[in-house]
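Heads up, the next two complexes both have chain A, just with different partners, chain B and then chain C.
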Partner chain A sequence: MSKMWSKLKDKSFGDAFYAFILLTPYAVIFLLFIAIPIAIAIVLSLTYFNVIEPPRYTGLLNYITLLTQDEIFSRYVLPNTFKYALIIGPGGYLLSFITAWMLAQIQKVPRTIMALALYTPSMVGPVFITVVFRTLFSGDEAGYINAILIRLELIDQPIQFLLSPDYIMNIMIFVSLWSSMGIGFLAMLAGILNINEELYEAAYVDGLKNRFQEIIYITVPSMKPQMLFGAVMAIVNAFNTGWIGVALSGSNPTPGYSGQLIVNHIEDYGFQRYEMGYAAAVSVALLLMVSVFSKIAHKLFTEKD
Partner chain B sequence: MKKLPLKILLYICVTFMTLMPVISSASSATSYTYSMDAKDRYIRTQDAYLPDRTVTSLFLDKPEDIFIDTEDYLYIADTGNKRIVKYNPARDQIVMEIKHELIQSPTGVYVTQNGDIYVADIASSHVVIFSKDGHFKDAIGRPTSPAFGSNDFNPMKVAVDGAGNIYVLGEGIYDGIIQLARTGEFLGFFASNKVNLTFVQRLQDIFFTEEQKRNLLGRTPITFSNIFVDRTGLVYSTTTGDNVRQAVKKHNTAGQSMFQDEVIATEDLIDLFVDDNGIIYAVSQSGLIFVYSAEGEFIYSFGAYNSMQDISGIFSSLSSIAVDSKGNVWTADNEKSFLQSFTQTEYAKLIYKALNEYSKGNYKESIAIWEEILKLNQMSILAHNNIGKNLLFEQRYEEAMYHTEIAGNRYYYSQSYWEIRNIWLQKSLAWIIISLVLLYVVYKIIKYADRKWSILDGIRKPVHKIYNVKPVKDTLYMFRFFAHPLDSFYELKAGNHGSYLGATIIYFALFVAYMISLTSKGFIYQTVAPEDIDYQSVTFGYFAITLLFVICNYLVTSINDGEGKLGHIYKLMCYSMGPLLLSFIITTIASHFLTFNEVFFLELASFAGIVWTGLLILLGVQETHNYDTRTAIKSILYTLLFMMIIAVMLLIIIIMCEQMYQFLEAVIKEVIRNVSS
Partner chain C sequence: MAYQGTKINPSRFSFSQLKFYIILVPMCLFMLLPIVYIINQAFKPLDELFMFPPRFFVQKPTLKNFEELFRTASSTGVPMSRYLLNSIIVTIITMVLTLLLVVTSGYALSKKRFRAKRLLLNINQTALMFVPISVMIPRYLVVVNLGIDNTIFSHIIPMLATPVGLFLVKQFIDQIPDSILEAAKLDGAKDFYIIRRIIIPLVRPALATVAILTFQAVWNATESSNFYVTDETIKTFAFYMNSLTASNFSTATGTVTIAGAGMAAASSLIMFLPNLIIFIAMQSKVMSTMVHSGIK
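== the complex of A and B ==
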């Protein structure tokens, strides 16, 4: 015992020990909730697993099927996912930044109220969206949009917004943009508010002329970490909010696969067809996509020193 | 691929030169048969029908409707003579004549499968039912149901489905087709036509008071002109009026039209008939007979109008059509009161047979027949289109692409191309992945080796040399604007980087890229054929608009404390075009590899290009003139306004110059005439 204590008192070892102790909680949680599940998913993706029988090793078969056989994936899911992500990612990001910047310009009390109001949709999630938007876009005359259009005589029969392949994707995009002011938005708002006012004054003395220059030369460079955080959150959000389509249309797959995103595809295979191995392979593909895009975001936001 | 339009043109010329005279001299047709070409223009084709018999011996008086039953007897609503005539065309004799007190002005006749004869009489306001042998069975008057409202019941046309439901077209009823039960009980209105309001009418709706609205002229939906129920109980209708695109409708049970595409017809369709194979025949009052496939696809039209001369197969007022079981078309003219029949040519027979095989799912047989038709008429878009469709279902995608491209059917072309691309991807996916990995590895190795032993210096030096040539450097400076617009515009104005030469190179490069994107996109996205583009106005428009912008912006900003000179504005505009140039190049190349499935990515690319360039111009104006954002936006709006004013002024000046020229010309001519005489 005493030997150990003396060893601990040895400085170099003691530092390492304390570091280990202090790291443990994080490491355990990270392993338990992130690293191990990912590892299991990767292992499962190499098997055929239908929940009832034990997993059977099939090698890369699932990936080959995904890339060459799965026509729904290549015809609908992949283009849909990219379309959705390309709009929701940059769109939601820009929207978050612009609203955060605008909010930063007003007084504290209205700002707090507005920020809360803007943040709410992303917090309350599916329930709220189901209640509000399913009523708004309801496919009978009782739906608000249909009622208004009929009253204006623009249409003579209610449009099945949520069940029609022509509309569901656009409604999904609208709803997601509306609810995209999440954690990233709050971080950016905090970042903008933290910038030292003197910087702006100094810059105006140095010949800054307009608000645009202000944003590009002062605001954005001063809140790089928050911008990066917001970007990563936006990317994750863009790839992982597939539930919106299912919540709106009430069915998975969505009508005509028109709102089918990669997350829905995973759910479809995992929890409806019980092909867990295949679903795991698709989710590994999703993981790869998200990490590639996050890498790009890192590059973009850390390159400018 | 690019040679194809030329080839088609050649085909057109050859067929016109060789076939046309032959057809017209050998045929007994009195009117031309027209079909559609790939650009939706009417084009002459082989005769599909030949006029056969002209029956005047029945002494009809303004026959409004005819019908043919399953045994090929003709029923004629002889309106003027207040009778229904059952006529046996094979023996050319009247089999039966129905007269009844309720038949005052019979305008519609329909015979059910078991032989019951339904007559719509507009004068007696009844639908009268007779048994097969002509005995009075029943008469249905105005429905008493309150749901019928205060409408009058003046049946013009009648049709009956297999369940005995009666569909009546009532004069002056705009709610739709009257649907009656077998007993005459009112079931409801079926398939109302929509009132199409104009913009002004919509504004009136919003702003007028109730009183003002009452004084407006009545707005009534376009009315149906005829109805038909086929053997399977589907309801078809024709409509007169402006909305030609929906002039023929095949209704589903909810009353909506099942045709996806627009229908090709005229505004005065008056009657239609559907045969057992679902082929739809519709006639217009002006003597044209249109034939459509069961999906509403236009096959061809024939017939003509002429009220002066009596030529068989030409009408003064076509009123009705019916088709017998052999495919002979019977028509009635209600002005000159005769019946006219047409027989199918071999060409028409083949087409119907091919369509029939397709609907049965015998794609191979259908293809064979269509190819037969192609031999008769190489230009037949219909044949190419249908072969393409059949080949697609037969999974012969390459050939399907070839035929759908000739037919100009982008939807099916895109589908076949998707399949081909998919097959190719599946086959070569392994190689793509392997080569990507290899490329990455090689890239890493070279990078590492370069860092260690700088092996790339040999290449780097000449590249640098090229890069440092002034025009190249100035042109490539464009890319700095993408990420650092403010700094770049500042440097551009200060004259440190960029030059007139670079700007002009970009300016012309954009023009070239624009032209290429106009003319050589992939077939799916090339909606206007290159030979149909008006190059003069495109070129003029491009240079006029851009240069006008430069001049106007200079004029507007020079009186608004703008610091930029004319040259600065020219440079700022050219260097702002970078994103647009890039998006033109990307979309043009990508359009060769993308199908309709991925149309979004092209839209996004061009949208991003336009928005980015717009933003750059805004920032450029702001930086160059040292404005704040608000003033910059204002100055751009002023510029646009000023551009419009100048354009209008130039137009006026040009017109006046023309007048002046004409005036002078006239004067000089006058002088010359006076002198010489």
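== the complex of A and C ==
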């Protein structure tokens, strides 16, 4: 008996030891480039730091300034970010889900081809996006959209789409939605296809009436884990694509601050004004926003068991 | 309404599917429009690029834009092939290292028993929502303090922190029954043997998926060249393409310079094609990984 016990103990100790060895390389990288940067951001956010002099502790001053003094932040950046994130996050997510659901209703070969077509925009990368949409929305007559509008006689002068505060935000939203069906979309498609058919059969026997009820009572509850993964990816995407406005308009700040998102605000302060402490406070605000959104997603889709 | 047989994943065409085709086909075509547009744009000769009204499809395709692109060296005299070589090296090394890291740590987190496991899993799951762009400045400080700024490693090492990759591989390893591993252990197999001979062959789809995601991230990345590297000879292809296209757009008027439009289209096509080819080659593996992507 005691021999068996020591063997067992040995085994579990061995497990922990080897797990430690196997995990260390990834853990070191994780610490260096995710955990420590977040910690540094939090520490720097409590200081005044202009890169030349050593950081000087200023308490919560940066946060107070951000909330009360930074007019650009409260008038443009915050409303823009919310508008953009709400449309790209939940909006893009819903679009992905509905599209994935429709794809699941058709046969495999056309489904695969169409899924590829829909996924393609999400992998084209920043260079591609910049070139394509700058060319399409170009402000002279060679710009494709302008040319079409002129030919349809809807306008008689080309519109400076990318330089006009009236258009830049909507174009950003359009471009982001176009490229929003990434791995979250694929996860949801796989999730829908993987649901046990018998669940549907049983539910119809129990009185399910239509396809809408089917989605609400069977599809979504059966694939909550994929729904959550998709939601987290949608949120991350909504905050990660902040470069689009600057890439399209070619300037930071964007024209009239109309496409200015929180990410651009960080860059503006960090790399153009070298107010690193303040930029760090904005970063922390961003991280908080992401985690609030993702808390909500977890609340909605965590399996209760 | 009685149950009419599930319509999910049908094996045959029925007219009830028609409504989905009516929505999906135009949607797909619309999504592909910009891509078809840029392909046509890349092969247009100069007069077609600036024709008014502009034509969508190319009339007389030419490779001139590509030739021009390859001939144009950057302002510092570094040839394009150098950037391309840098990118290929960086991408391959990053992919190999990422796969090694996620498979070893994924195995440990999935199959090993130890106390902090739950905690580590939760930390990694929280990190799924990590937005790297938010901590650009601290990341820069870490890179500088490690002394890897201005070296090729600054393109690689920060990219190795991939919570999403680890998560996907770990979920996939969870599907492997413990009994297989127990049997191997009874035969005296050590961890690295188990990883090499059992885990890696069985989780290939997940590894393919991680490889694709890593490829897309690294191949398209410009941050490391922008912020960590000042030596022009170790900057990447994406950076070069980016600066080339940026310099060819006039920000003042929002228009494209005459010579730049074709080159910009050609360069974005070159950036995009490897992504597409790799994804098409591996799409079935990606889909089978995504089945296990759920967060529980």
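FYI, the second predicted complex is superposed on the first by the 273 of 305 C-alpha atoms of A that agree within 3 Å, B and C clash if a C-alpha of one lies under 4 Å from a C-alpha of the other, contacts with A are read in each partner's own complex, and residues count from 1 in each chain.
We adopt the following convention: contacts are C-beta pairs under 8 Å (C-beta built on N, C-alpha and C of every residue); 3 or more make two chains touch, one makes a residue touch a chain.
Just so we're clear, the structure is a prediction, and the values are computed from it rather than from any experiment.
Novice: Have a look at chain B and chain C on chain A after the superposition and call it: clash or fit.
Specialist: Aligned on chain A, chain B and chain C fit with no clash.
Novice: So, A:263: does it touch chain B (first), chain C (second), both, or neither?
Specialist: So A:263 only meets chain C here.
Novice: Given the touch rule stated above, what does A:222 touch, chain B (first), chain C (second), both, or neither?
Specialist: Neither partner.
Novice: Could you look at A:33 and tell me whether it touches chain B, chain C, both or neither (first, second, both, neither)?
Specialist: second
Novice: Is A:156 contacted by the first partner chain B, the second partner chain C, both or neither?
Specialist: first
Novice: I'd like to know which partner A:210 touches here: chain B for first, chain C for second, both or neither.
Specialist: both
Novice: Using the touch criterion from the header, give the chain among chain B and chain C with more contacted residues in chain A.
Specialist: After superposition, C is the partner touching more of chain A.
Novice: Between chain B (first) and chain C (second), which does A:58 come into contact with in this model arrangement: first, second, both, or neither?
Specialist: A:58 contacts neither chain B nor chain C.
Novice: Check the residue A:74 against both partner chains and state whether it touches chain B (first), chain C (second), both, or neither.
Specialist: first
Novice: Have a look at where A:50 lands relative to chain B and chain C in the superposition and call it first, second, both or neither.
Specialist: Neither partner.
Novice: Roughly what angle, nearest 10 degrees, sits at the C-alpha centre of chain A between those of chain B and chain C?
Specialist: Taking the centre of chain A as apex, the angle works out to 130 degrees.
Novice: Mind working out whether A:135 is in touch with chain B, chain C, both or neither, as first, second, both or neither?
Specialist: second
Novice: In whole Å, what is the nearest CA distance you get between chain B and chain C after the fit?
Specialist: Closest C-alpha pair between chain B and chain C: 7 Å.
Novice: For chain A, which residues belong to both interfaces, chain B and chain C?
Specialist: 209-210
Novice: Flag every residue of chain A that touches chain C in the complex, lowest number first.
Specialist: 12, 15-16, 18-20, 22-23, 25-27, 29-30, 32-34, 36-41, 44, 99, 102-108, 110, 112, 114-121, 123-128, 130-136, 138-144, 147, 150-151, 160-163, 178, 183, 186-187, 189-195, 197, 200-201, 204-205, 208-210, 223-229, 232-233, 235-236, 239-240, 242-243, 249-251, 263, 266-267, 270-271, 276, 279-280, 283, 286-287, 290-291, 294, 301-303
Novice: Which bits of chain B are touching chain A when the two form their complex?
Specialist: 192, 194-195, 197, 202, 205, 256, 418, 422, 425-426, 429, 486, 597-598, 600-601, 604, 619, 622, 626-629, 632
Novice: In their shared complex, at which residues does chain C touch chain A?
Specialist: Per the stated touch rule, the residues are 1-4, 6-13, 17, 20-21, 23-25, 27-29, 31-32, 34-35, 37-38, 41, 49-54, 56, 100-102, 104-105, 107-109, 112-115, 117, 120, 124, 126-139, 141-142, 146, 157-158, 160-161, 163-164, 166, 191, 209, 213, 216, 219-220, 222, 227, 238, 241-242, 245-246, 249, 251, 253-256, 261, 264-265, 267-268, 271-272, 275-276, 279-280, 283, 286-291, 293-296.
Novice: Can you check the complex and tell me which residues of chain A touch chain B?
Specialist: Going by the criterion above, the answer is residues 67-69, 71, 74-75, 79, 82-83, 86-87, 152-153, 156-157, 209-213, 216-217.
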